[in-house]
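The two complexes that follow have subunit A in common; it is paired with subunit B in the first and with subunit C in the second.
Presenting the complex of A and B:
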């Protein structure tokens, strides 16, 4: 049962990752990216990490995908459907992908993690909370500052300057 | 399920992301590729945290997701600014970032 779910999730995740990059329309591409991110959230459920999975669903599928969709809609219509890439570069990219997959795959298959299996109980989310508030609280504060700085920076960047007239 | 299956899915996602960064010239699609790479890394973190039985991996994955959200906001703002300047999203046309 779990193996069937795993197989379906792998097909969904990898297939929609490819679709996100190769779909003609950027809008369908971003919807496919949403599917891929949702598939990764499903993997998190399979790994007994429901807290991270729900965080992934809320942040990625909920907000980032919507942000990307709105940005895509700001772009001119013909640019959404235009594919800008040359054929030779694409062939080289596919070659690079295959070489990478085969070499790293062979490396991992020959390494010791093949024998790794777990019978330990899943990690309780209370441990994550303890990690956050006891060991990593300075990092949590810095992350909050980075997030607010990034949002402010994004607003300043994207603001339209009216007086310069260049819109 | 063994750990290696999750790691292999993660390697596949990483390869697709690298392919996208190498081939695509559309700035928004390159952001998609970056997102896919970040997700491959998060999947690895959570998988190893499950099999090594340490909660640190999940904590780091949560940090990584939050930072990725900030990165996407700034990246999309940069794309919008560049689109406003050049009326295009092709990165080959982005000659300079002066206003």
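Presenting the complex of A and C:
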């Protein structure tokens, strides 16, 4: 069962990633990107990490993809893209991709991933939270500062200049 | 040649009735009974009198009524029943339909009009049915230069997303379609799909009014999602869990609105904005941009979008109930099932009928559903109410409200929750 789901998710993720690159229509491309990101969320579900999976859905599919969609809708494709495509470029791209994939695969295979015990229970997200508060607290503080800086920045950007006399 | 009013002839009438009976018998034998058998085959059947009920025996409840109640009970505990009927789609669609009618009627009364009046003699209660029939029978028009696949898919995706949202809502103890351990996060993930569907449908219509409406809807939904998420964090902190069922169970003694009124108010305003209801109905501003992103939809496609909108309204009202009003918890109002019907049976003159398997639903569950529905309907009423009172606000006011005031207030709410937590008053290990 899990293998079938894994295969289906792989086909979905990789297929829609290729579609996102190859589609002529930018809108369909960004929809395909959404499918790819959703497929990654499916992998997280398979890995017993629903917390990460739901955040993947909420942040990547729900926000980043919307941002891309929104940007794509507001631009004219002809203005920013010029089609440069010939056979050599295509071959070089495919070759580069293959080299990259083979080297990354070799790295992963030679690392300690094969000795991992796959029967151990998944790590609860509460434990991760505890670790964040106890052991990794400086990282948490830095993240909090960055995020509050971002929110404050957004507020400053959204601020409306009060014109004299009106409002 | 068609005739508007053909002359009535009894023989034709009888013949058509016989024709219908014939076809009904043929279809039931060839399709209906095999279909029931197939469905029963996949349902886990109960054991009655020490005998496992097979699909063949199950059909004998027509001859042996004592099997009827156990079969009904077994059906009610299947996943299909949960998804399609009770805590899932059926209940939500029923409430949504009721909401549409109550909204029209109440709005009319608020504005000293009559509202739906003629359909169904009594205060126009059949108006909804008439509207539905009209929508189904209307032609679906697709704009010539529309992007057809997305345009067809958008209403279906909208209803699907709303139904996914509905499936996360717990209605009574144990009565929820998907009891997710991370319910609140799942809600955020599902809410994130609404802007995508909206903007895609708006873009695919290839018309200016839907596009303007879609862009406005996108702005509004994205910017109000942030205070919406932040305002729920206080409840999550105090309840110490993200499961919606767990959050309801943490409100046995008092609802969180008592301690977190700021969060509740912020959440309510965000609900209004997410649902595009007046005073935040800029995406559908009918005096400026026809009907916003719904402009090009016609016939049943519009009906689907409308169904999705009201499913979403029910789901948000139910979420407010679950997070702030204590869900199904409340004093026991439902009368207990009379014992003597279980033990002695029902006496009808000389005949005594004992029915095994009663009661079908236990008292706690019925009471929970009663309280949940009461609270949810009250919240829906308060969501509908501003439509009769307020005008539409300007888009800059909308954005400054969302980005300034609501985010600030939701941070204040989080600090209140933190103070209560660290003072040891509430929360896991707190005084109360």
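Please note the rule applied: the second predicted complex is superposed on the first by the 116 of 167 C-alpha atoms of A that agree within 3 Å, B and C clash if a C-alpha of one lies under 4 Å from a C-alpha of the other, contacts with A are read in each partner's own complex, and residues count from 1 in each chain.
Just so we're on the same page, a residue touches a chain if its C-beta (ideal position, glycine included) is under 8 Å from a C-beta of that chain, and two chains touch if they have at least 3 such contacts.
Quantities reported herein were computed from a predicted structural model and do not represent experimental measurements.
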Note to self: Let me test your reading of the model: by the given contact rule, A:62 touches which partner, first (subunit B), second (subunit C), both or neither?
What the structure shows: second
Note to self: By the touch definition at the top of the document, which applies to A:27: first (subunit B), second (subunit C), both, or neither?
What the structure shows: second
Next item on the list: Considering only the touch criterion stated at the top, classify A:37 as touching first (subunit B), second (subunit C), both, or neither.
Entry: first
Margin query: Contact-wise, after the overlay, does A:154 reach subunit B, subunit C, both or neither (first, second, both, neither)?
Written below: both
Notebook entry, point to check: Which partner does A:50 reach: the first (subunit B), the second (subunit C), both, or neither?
Noted result: second
Next item on the list: Using the superposition described at the top, determine whether subunit B or subunit C touches more residues of subunit A.
Entry: B
Next item on the list: Considering only touches as defined above, state whether A:132 meets subunit B (first), subunit C (second), both or neither.
Entry: first
Check: In the superposed arrangement, does A:19 touch subunit B (first), subunit C (second), both or neither?
Finding: neither
Margin query: After the superposition on A, what does A:3 contact: first (subunit B), second (subunit C), both or neither?
Written below: first
Notebook entry, point to check: Of the partners subunit B and subunit C, which touch A:146 in the superposed model: first, second, both, neither?
Noted result: first
Next item on the list: Would you mind listing the overlap between the subunit B footprint and the subunit C footprint on subunit A?
Entry: 51, 55, 63, 151, 154-155, 158, 160
Check: Along subunit A, where are the residues that touch subunit C in the complex?
Finding: 27, 31, 34, 50-51, 54-55, 57-58, 61-63, 65-66, 69-70, 73, 125, 151, 154-155, 158, 160
Check: For subunit B, which residues are in contact with subunit A within the complex?
Finding: 1-9, 11-20, 22-26, 28-29, 31-33, 35-36, 39, 42-43, 46-47, 49-51, 53-56, 58-59, 61-63, 65-74, 76-81, 83-84, 87-90, 92, 99
Next item on the list: Show which residues of subunit C lie in contact with subunit A when the two form their complex.
Entry: 147, 150, 180-182, 185-186, 188-189, 191-193, 195-196, 199-200, 203, 215, 218, 222, 396, 399-400, 403-404, 407
Checklist line | Complex contact set, residues of subunit A against subunit B | finding: 2-3, 6, 10, 13-14, 17-18, 20-21, 26, 29-30, 33, 36-37, 40, 43-44, 46-49, 51-52, 55-56, 59-60, 63-64, 67-68, 71-72, 74-76, 79, 84-85, 89-90, 92-94, 96-97, 100-101, 104-105, 108-109, 113-114, 116-118, 120, 122-123, 127-128, 131-132, 136, 139, 143, 146-147, 149-151, 153-155, 157-158, 160, 166-167
